[in-house]
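Alright, structures below, take your time with them.
In the two assemblies presented below, chain A is common to both, partnered first by chain B and then by chain C.
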Partner chain A sequence: MGSSRLRAAGDWLEQRLGLRPLFEGSAGHLVPSNASSWWYVFGSATLVCLVMQIATGICLALVYVPSADQAWESLQHLDFEQPFGWYLRGLHYWGSNFMVALMTLHMIQVFLFGAYKYPRELTWLCGCLLFLCTLGLAFTGQVLRFDQNAYWGLGIGVSIMGRIPLLGESLTSLVLGGPILAAETLTRFFSLHVFVLPGLVITLVVLHLRMVLHNGINEFPTRGRGVDPETYDAEYAELIERTGEPFFPNAIHKDLLFSAVVIGSILACAAIFGPKLPNGPPDPTLIDTVPRPDFYFLALFSVFALLPPYMETFLIVYVMPVVVLALFAIPFVSRSGAKHPADRPVAVAGVVLVMTTVMTLAVLGLSSDWSPHMDAWKSVAVPVEMVEGRSPLELRGAAVLQAKQCRNCHALDGSGGKRGPDLGDVATRLTEDQLIRQVLQGGGNMPAYGKNLSPPEVAALVAFLRTLSPADAAIAQNSADPLGG
Partner chain B sequence: MSAARETRRSRFRALLAVSVVVLSACDSLPGKPDPADRYVRPDAVMDFETLFAANCTGCHGEGGRQGPAPLLGDPLYLAYAGPRELRRIVSDGVPGTSMPAFLDEKGGTLRAAQIDALVAGMQASWGMAGRFAGRRLPPYRGTRGGDAGLAYARARGRASFQIFCAKCHAAQGGGTPKAGSVFEPSFLALVSDQGLRTAVVAGRPDLGMPAYYAHAVGRPMSDEEIADVVTWMAAHRVEFPGRPFSQAAPFVGKEP
Partner chain C sequence: MSDEPREPMPPPALPPVTRRSFLFKLGLGLNALAAALVAVPLIGYVISAVVQTRADQAWIPLGSIGDFPERQTRLATYRNPFRVAWDGTTADIPCWVRRVGGERFQVFAINCAHLGCPVRWFPQSGLFMCPCHGGVYYEDGRVASGPPPRGLFEYEYKVSQGSLWVRGGRVPTLSQTV
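So, the complex of A and B:
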């Protein structure tokens, strides 16, 4: 009784809207049965993340105040006062992390399966643009946190832009809304993050999906079988005819299951790890800060920190555009040929190389040992075993080591700055004369301290450093001295 | 009919109870930001332990225990120095030594109120105010004889040094395996007379150096003996400490 009435209402609607052909042409389209694979779930999961980001983003925009003096405060309100405000921020933060990670996985899978080859070149191109837009969303989102990371991160981002010949200055002022980072900057990034980029992403996603439907989903690659643009269309049509099954309800179940796992993971991560708290207001007078970008930009952060300064402009102006263009050019350079990863060792090696490089740089960026630990001199204690049994002069030397901020770059048994070598066993490496020379003249990336230390300070410092060796290790001796002398 | 309604109602109640429990559990999820993690500007931090960890630990050790600089977690030292002197030292630093000025007006990073919080915190956490209530401690500032009395004070200081210090620092102050030299010119250049006095009075119990009253001799050092020992040690300062040559280099002052 009830169901027939429902069906009648459905028919009435269908008669007027004509949704069935649309549904059959999209969700019901035929896919090769071998494409119903666990390898094919990353794209749909990225889309699910996008939907979640839009939903949580709308909720956040209800509270967030996009003004330079209140943005940071409104996040504090969300984190600490608004009930479940922190959870909402956590969902948006983890959603963005998952989205970038899944998008990267999707891209790698598409590349390894040769899915970008004929006739799906434009689908790849569209995906690359989506990749860039998503990174843009991640960067602008990081700016909206409007904390010290945002402030200094944006400073670096804009400096990168400022290196572009001729256009640099105009671009900088376009992005910042003036010559400096100020109130207008935040509103610009707000409109980019909330209107421009999401609009672009939605448009590109529609285009991307349209092309997936039009060209059909890539068949699971077979060893030894490649793409020949002359015959591919006929082969694919034959494959669909032979093994095709509707995406909905047949092939979709893996996507649904994986998306559910992704949603569950985002919900759980937000609940367990919470949101990323803003790390202090964007006030350039607060110098006690170690700005660090979110994980997707850590690799870039490391590259810029580790690169010699004269290489920076070259990298920004030439290498980065070339890398992006190379990404776009992949399907046009390698339009046909083998698809299976086992037939394309260079492609696989390329992915491994790129991912290893990016991951290594990101891990380095996490600890950013190249930055001095600016508070170590007053906040990191001298290990107790390096205090015990020391003479009054050596104790003074340890105090000099701290007070002259040697500790900001040099660790003692692992604690302290990591920019210079650990001094915990320095006595085994350098003789007294070598230590004095190194302290006075510097060298090897260390400044000369000759003019900042008095002779007694040098004497005390070196006396202390000469005590730093593991219990059973011999101390470095001047080779010109007679043995035992 | 009414039984079914009853079941429905009890089901609804159970659901309500579960939702209340779940929602209240949500409030104690591990991801919920701890108000203690809320950002505090460095110049607004007033918590003693945070201030001490961020500013003093480097030289004075964690919790004021066993760093290269004087032992702050020592009730005797805190009673002997007193809040006024502590505040002055933290604010202005000790010129010529490794102790920098921490007051913002003097180039440091702390506001006067934060320094007050540090001093009050040290006294409250490690001070044991009652322990020295009945005892007369040596005054923080010692006296030093005038020019006429200086030679005499040194002679007396030398004698007192033999009694109280020579056991560990050797008769000539050159140090023994137990404790190093205290006449080393570079050491003396990096410590003020007041610092020497503080070391003699408070000792370094963490490093095995006894306080003025705890010597093996069996009696405490008198005020005069403390002052004389300091005078004797200070007498070993040299004009050009820390140089491998004993006198000023010949070219000093002769540049065109």
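So, the complex of A and C:
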């Protein structure tokens, strides 16, 4: 009989390897039956992403050259010549997006279910470290795609570090591998991305899982029932006694199904959208570039644009570390008490607030309306209806508006830069004198143009601006001079 | 438990020093020493970038001053004086040169003082604009608008035998300018 011979071979191996007790103590550990829930699948899916990142990462490292003079070329080779190269890069890129997203969901779920409370404080702490390491991997990975965004993105990172008092200069040199961003910077980030951070992540994952096994998976929270550290252990033991079932094979099915969906989604995204191709080569002399970070750092990018400048350094240097520490401290501050989200309205509101803020900032970062539209002055025309039937002086003003780069910051009926107000209806808001003052002296976040415009140019520009109002709207008048002079 | 009367403790007996315990401690000590000896070069290697043994700035020629017309601002590039062979294009550093008049210059770092993005010069409006967060500077490097906490970083320069030289070699930040 084939099966009995197979079993005999299995027994022979088991006698020598002794894996069964290890397996039963880990994959086969008992979980409360109510923990087999769709809410509990995000952690395992994050782990699946990590495994995929390691597999695709090793393959990419077979071809990628971590050298400042060849990294960009080797990426071109990977994307366009190496068989499956573009697809593996796509898998690694989308895998990282999914990993960050799933890890965030996992963290939110753990927080909302009060799973960080006694006795799982260190599991939460370990998870927070994993979160930071994974964001570190995301940033260092973005640098390895050694293009213009990587170069200037690093420049932004270094500028942030340069704001730290006393240590700024040393930290900058430590990160760059010298006083300037060059060859040693890339090899440093390669070493971090490929050796240091993955090693840390694997170690922390082992610890994280060890604690999950040791303390048991968090039971599905019940309304009105909280954690009392005095009695929790006995209650949990009783729950396992009553409803416990082995994770494998009884409770793993939802994790398996969800992981398959995640892998399928990554495969599909990589096939449909492909990898994120490097933009221009990392040549700092190509300054016609508009650096943007990858999605996970867009919220931070937006914060720097939208904060009042006087708050920036304070927020980056002091508040951000405090926020991170506060995240670590959650289980030590809120160690016992209610677990069910319906019993913890403030926790739910906190998650909604934080996620709304982060997503809003990220979406604002996508369009980055605060940035001047650097080419608007020569690529976005004045709408025809704004020049039709205008006098020669007003037409001259429209030309001044384009030539002096006003459009880089000011839109006309929605087209052009969005940094300053849309000028499509400026005549309804500012009188002639106010316009002249604003153009010459600037203010309210506008440069003063007094030195760069001749008096006839100013006269023409203001004459044109005074024509910009919707057909049925009254234009602004000086109330002290109702006849308009 | 602490309420129960306790027998007076006998004085702790010193554990006898056996050959095993001696060798165990000696082994621990020697390994601690070995670890420290390994750590010294490792740490030294990593932080050598911080503890500078060489200058991080040098005088670099930007070209003949005739290349820079009076009252104009031009982009100039130089090779990083401390480059290595595999720096590739990252060794080429751009900067903005404004010839105020005669031998008076202003040489600005390309990096915005806000977060280091490359600023662009617009001669028509006489402004530098940054593509990241909208910092704007006047032609003399002063902040015109936006978030920069200071004006553009300015290189030290000299004119020698008809050539313009700047002192460069490091990336400017708020804690260490060019």
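Please note the rule applied: the second predicted complex is superposed on the first by the 479 of 485 C-alpha atoms of A that agree within 3 Å, B and C clash if a C-alpha of one lies under 4 Å from a C-alpha of the other, contacts with A are read in each partner's own complex, and residues count from 1 in each chain.
Convention: contacts are C-beta pairs under 8 Å (C-beta built on N, C-alpha and C of every residue); 3 or more make two chains touch, one makes a residue touch a chain.
The model shown is predicted, which means the values in this text are computed figures rather than measured ones.
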item: Side-by-side fit of chain B and chain C on chain A, or clash; value: fit
item: Partner chain(s) touched by A:A403 [first = chain B, second = chain C, both, neither]; value: both
item: Touching partner for A:V387 - first (chain B), second (chain C), both, neither; value: first
item: Which of chain B and chain C A:E169 touches, first, second, both or neither; value: second
item: Contacts of A:A68 with chain B and chain C, given as first, second, both or neither; value: second
item: Touching partner for A:D288 - first (chain B), second (chain C), both, neither; value: both
item: Which superposed partner A:A305 touches (first chain B, second chain C, both, neither); value: second
item: Chain B versus chain C as contact partner of A:A182, first or second or both or neither; value: second
item: Chain B, chain C and vertex chain A (Cα centres) - angle in steps of 10°; value: 80
item: Partner chain in contact with A:L465 - chain B first, chain C second, else both or neither; value: neither
item: Shortest span in Å between Cα atoms of chain B and of chain C, once chain A is used as the common reference; value: 7
item: Footprint overlap on chain A, comparing chain B with chain C; value: 281, 288, 377, 403-404
item: Complex interface listing, chain B residues touching chain A; value: 26-27, 29-33, 35, 37-39, 41-42, 53-59, 61-62, 66-69, 97-100, 175, 179-182, 184-187, 189-191, 207, 240-243
item: Residue ranges of chain A in contact with chain C within the complex; value: 67-70, 151-152, 155-156, 158-165, 168-170, 172-174, 176-185, 281-285, 287-291, 301, 304-305, 307, 309, 312-313, 370-372, 374, 377, 403-406, 408-409, 419, 442, 445-449, 451-452
item: Chain B partner contacts - residues on chain A that touch it in the complex; value: 76, 79-80, 83-84, 86-87, 90, 269-275, 277-281, 286, 288, 375-382, 384, 387-388, 390-400, 402-404, 407, 454-460, 463-464
item: Interface residues, chain C side, partner chain A - complex; value: 46-47, 49-50, 52, 56-57, 75, 77, 80, 82-84, 86-94, 110-111, 114-120, 122, 124-127, 129-134, 136, 138, 144-149, 169-171, 173-176
